[in-house]
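Some notes on the structure that comes next.
Every chain is named by a letter (A, B, C and D) in the order it is written, and numbering of its residues begins at 1.
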Amino acid sequence: MHEVAVVGASGYAGALCAHLVRRHPSLDLTAVTARSEAGRRHDELYPRYGIELAMEEFDADRVAERAQAALVAYPHGAAAKAVKQLRERGLKVVDLSADFRLDQRSYEQWYRDHGAPELIAEAVYGLTELHRDAVREAELVAAPGCYPTAALLALAPLREVAEDAVVDAKSGVSGAGREPKQATHFVSVTENVNPYAVDGHRHQAELDRELPGMRITFIPHLLPIDQGLLASCYATAKRPLDGPAVAELFEAAYAGEPFVELTDTPPGTGEVRETNRCRIHATVDGETGRVLVFAAIDNLWKGAAGQAVQDLNLMLGLPETEGLL
Amino acid sequence: MHEVAVVGASGYAGALCAHLVRRHPSLDLTAVTARSEAGRRHDELYPRYGIELAMEEFDADRVAERAQAALVAYPHGAAAKAVKQLRERGLKVVDLSADFRLDQRSYEQWYRDHGAPELIAEAVYGLTELHRDAVREAELVAAPGCYPTAALLALAPLREVAEDAVVDAKSGVSGAGREPKQATHFVSVTENVNPYAVDGHRHQAELDRELPGMRITFIPHLLPIDQGLLASCYATAKRPLDGPAVAELFEAAYAGEPFVELTDTPPGTGEVRETNRCRIHATVDGETGRVLVFAAIDNLWKGAAGQAVQDLNLMLGLPETEGLL
Amino acid sequence: MHEVAVVGASGYAGALCAHLVRRHPSLDLTAVTARSEAGRRHDELYPRYGIELAMEEFDADRVAERAQAALVAYPHGAAAKAVKQLRERGLKVVDLSADFRLDQRSYEQWYRDHGAPELIAEAVYGLTELHRDAVREAELVAAPGCYPTAALLALAPLREVAEDAVVDAKSGVSGAGREPKQATHFVSVTENVNPYAVDGHRHQAELDRELPGMRITFIPHLLPIDQGLLASCYATAKRPLDGPAVAELFEAAYAGEPFVELTDTPPGTGEVRETNRCRIHATVDGETGRVLVFAAIDNLWKGAAGQAVQDLNLMLGLPETEGLL
Amino acid sequence: MHEVAVVGASGYAGALCAHLVRRHPSLDLTAVTARSEAGRRHDELYPRYGIELAMEEFDADRVAERAQAALVAYPHGAAAKAVKQLRERGLKVVDLSADFRLDQRSYEQWYRDHGAPELIAEAVYGLTELHRDAVREAELVAAPGCYPTAALLALAPLREVAEDAVVDAKSGVSGAGREPKQATHFVSVTENVNPYAVDGHRHQAELDRELPGMRITFIPHLLPIDQGLLASCYATAKRPLDGPAVAELFEAAYAGEPFVELTDTPPGTGEVRETNRCRIHATVDGETGRVLVFAAIDNLWKGAAGQAVQDLNLMLGLPETEGLL
């Protein structure tokens, strides 16, 4: 059994991290921390998960006494410092924030001053399907955001052949975090669908880094669902491609992948709810020759906590799918 | 045309008041005020209603210059002072808060110190179906809360014959107000239904006042809907009553009522969405003799803004249904 | 007062037609017909609208005795015959089906044999903002579908400057009709978003007809909302365009339009719920030069019944916005 | 490993049975059958569960070759015959229908002619918390309906002390089954809440049987949620009871129960979503002395498939909670 702490377990992604660790046959959840909710029992906030541990104030020494690995689910900016302290004490870390996803310059352009720039170089981008070998060797993994996860899994097989893509992404509200805001009020969300960040979304930096040479327009939309994320991608190929050629690219890219499923019809997010799967449908628009790719994930699972556990499995030498089926 | 101001037009009920006044053939919306949102145009917050007026800080003199009547949709406690200033300047007022619904002692037990106790005596409880004549003569009307509106319309015809009732009430989230809270976060509400205030809800005081002698257990529930309120009422009659006797009581009570509809099957809240109607089904449980009454309203219409306009119509000598069909 | 019949008043769009006609100050709703639900009172199916008329079997003579105009809301294929009979009796008709939207060849490619091809030539495509003068003179108007309405209002101002566009459209479930299907079961829809018809959607034919020369990929998605439709459009300009140039095109196109609103931020469907408005935000993606246009409508109002009444207002010489504000 | 078949795996409850059996560490899912969907792979209908087995036509011999136990999730009426054939072949059976919940007379009053009356006597009512020892010995278990599960867990501790109760129950739409109907159309359900079967619901017979001497009014309501069921119960005690006395009754009844949780505040259905738990809050209304009990379950888990697996665990001598945490 590997002892694992979840740092920042009061948010939606962190709470699910705690749940997935706790029910994992080879992991032992030894500590949960939280900032504003410290002192309360976890199952007061999340009765569904039934975790009776009290959430503690974060103290790196106390965490290091009880855990060899940590999943850090702090907000962007707050994560870097905690990660640094945990790494100094030798813990393997999967960080769910943006703090180690980008190079320093990109990070500071989209977010803020970086709290631990010296660690950026050692961080591996934790999209397993694209960086499995590096994740296996990593001590620090930056789990990708939910939007990039879906968009990258949709577009990576087209890396060599597409020059341009529109990503029209649609996400459930849990992706916006647990803090109450006007935009996440039930009355604002229900019976509504809303594009946002149309002047530039910081997730775009991850797309550009992983898909060099592809010009991407990325537009997120907020949907009246709790969990779920769909990326509808419209790519222009450098040279005309037909349906079978596209199918071949995707089959080659994802043969043997345990969590990627290629489907005959476009997937809905309901098909992957509360699973770590990404379901993808790729086809060609006969009229325009455009390549259409639809990728559905659960934003809290494959887009956050599930993916973090998938990363951790690899880092600890466990079967990649353990605890995730 | 009667000039009308809406004081507190940035909340859900106040915004709908403004909309209903603006589209009313005999009313002229001359001013909208708001506290935190003053300075913004109303249609920035509520594009659906398309009201291009800027929301002003409340100033009783400036309101009185432009209006002969006001609908006040401030929170409990804040309303009393504004109402007092408007009444001093001679405006007819419908107040949507609890501030003038109860006697001073009940009010201060459930709410807080009263800001204008000298006005309580002149206030008429604005449930038109029960107090039409008094509303017609009133200068100050206290519009009932959404829960009491449905519960009282359901139970008033049983006033003489029932000694006891359970009111299991279910409300949409707009009833909880526009301020973002954990409990109104989309993720908290969707795929959930939650009883609350089971140790005593302040709306009970209104029920007890209007239904003296009936012992009432009132339990509210929050539903994943935007607008709508259902009161499921389970009453014990003093003497056995059969279905036809109950039907007769309801028909007698509501004959000719323009906004009350008696139905053959239990009503859903969808049937009254965005209307000022209350649909009621009353029947008797053959096994136990209990009288069952189900009353559905739109909490923002008949439960708040629609009712306030219905009151105002009467106070101004206009047809009761004008602007509400 | 103009006497108007609604043919096919049991479906969602037809029922709203009946409601809009009934509350219209210059129209008189004299008859409602339905196929499977004939004999039932309209308010049994739609209590919200409170229309006490019984729905009749369709009989052109009986309709013609009582109405000078008709809104026909039959399904594709069934409409043509009814429209023909009404036209033969001299009624002005707005048809909400696809039967008169396309030329015979396109229609028969996407739908079926045409039931009244001789009438196609006289039919005017009822997107008022693009064909106002023709609608004014028309005796037969084919109201556009909900998807084309939003997409065309979004893209028409780019007609001369864009060569290519992706339309990622998202619609509420009422657009799929009232008949229960697996795909419209609550459990199938909630907590889900689903692309469909990715191999070609028949609404594309309307887009191609109205936007000749623009290569369009149109992909619809089903959302867990009742009413509302958002078209997110991604257009490639023939020549680089900057934001101000795009803004100018839209301002020129829609100056004075009563139902089109240009917004500073991308609109949500909630902003137009139960209104006849189309809210549009157009901007340029600085990185790629792509023109982004987001158009939100209520699919049952501006996408169906509201638009039909807007057409009828023009055909009857009434103010275009009458009964729709 | 125990080999288990799921008979009727295409409905919501049957599909979840298949999922729970498949992921169960001591059970092996060897066959899934379906009536109308026979021939299709299970994961075509339920991609979330990822079960690659083809659904077969039911054939008792073929099932008996591969399984020693079966969960039967056929509709009422259809189940009896299948159960009989499986029992004749020696399989242990948990039946999720109503067919073996009641005595023949009650069954035939509420449902229809019984297809295998000779088996009724051997069937054990599978509400584990009330009948654990009998379930352990049973060869045939009739799993309770979702409404009775919540209501009985709420009221059983009051069996000796209460003479009368109102059960106002609220259920998600999955409880109404997978077949599309007008009442389960998304547009009918969303933004609505609807009481139904107010003239008598067949689940009442189960309540009366298990709570002899308590007069119960049971009223179900349909909510716009997918999974979840709340029973709000209002009981009248024979003698006045205070809060501590009630608390003691519940603590005594449920001490050590793995799936029943007593809570300090009224539970929402979201707290038990996709779990086998029942969360219960019991209190006394100080004004009226009424005992208030709120019980929340997931109708597909503790109300159907989860409970069936809990029963099966006991019947097979496995730990009661295995595969359900």
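Simple rule for what comes next: contacts are C-beta pairs under 8 Å (C-beta built on N, C-alpha and C of every residue); 3 or more make two chains touch, one makes a residue touch a chain.
Just so it is clear, the structure is predicted and the values come from calculations on it, not from any experiment.
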Inquiry  = Measuring between Cα centroids, what's the chain most distant from chain C?
reply    = D
Request  = Could you quickly compare B-D and B-C and let me know which has more C-beta contacts?
outcome  = B-D
Interchain centroid distance [CA atoms averaged], chain B/chain D, Å = 39
Query = Where the CA atoms of chain A average out and where those of chain B average out, how many Å apart are those spots?
reply = 45
Task = Would you mind pulling out the distance in Å between where the CA atoms of chain B average out and where those of chain C do?
result = 36
Key: Contacts with two or more other chains, residues of chain B listed in rising order   = 188, 190-191, 224-226, 267, 270, 273
Task = Examine which chains touch each other and state the graph shape they make (line, ring, star, complete, other).
result = complete
Message = Applying the document's contact rule, which stretches of chain C touch chain A when the two form their complex?
response = 164, 166, 168, 170, 172, 188, 190-196, 198-200, 204, 215-217, 219, 221, 223-228, 230, 232, 234, 265-270, 273, 281, 283, 285-288, 290, 292, 294
Inquiry  = If we count contacts the way the header does, which residues on chain C are in touch with chain B in the complex?
reply    = 23, 47-48, 50, 190-191, 261, 263, 267, 270-275, 277, 279, 325
Query = Which chain B residues qualify as touching chain A in the complex?
reply = 12, 173-174, 178, 180-182, 184-191, 224-226
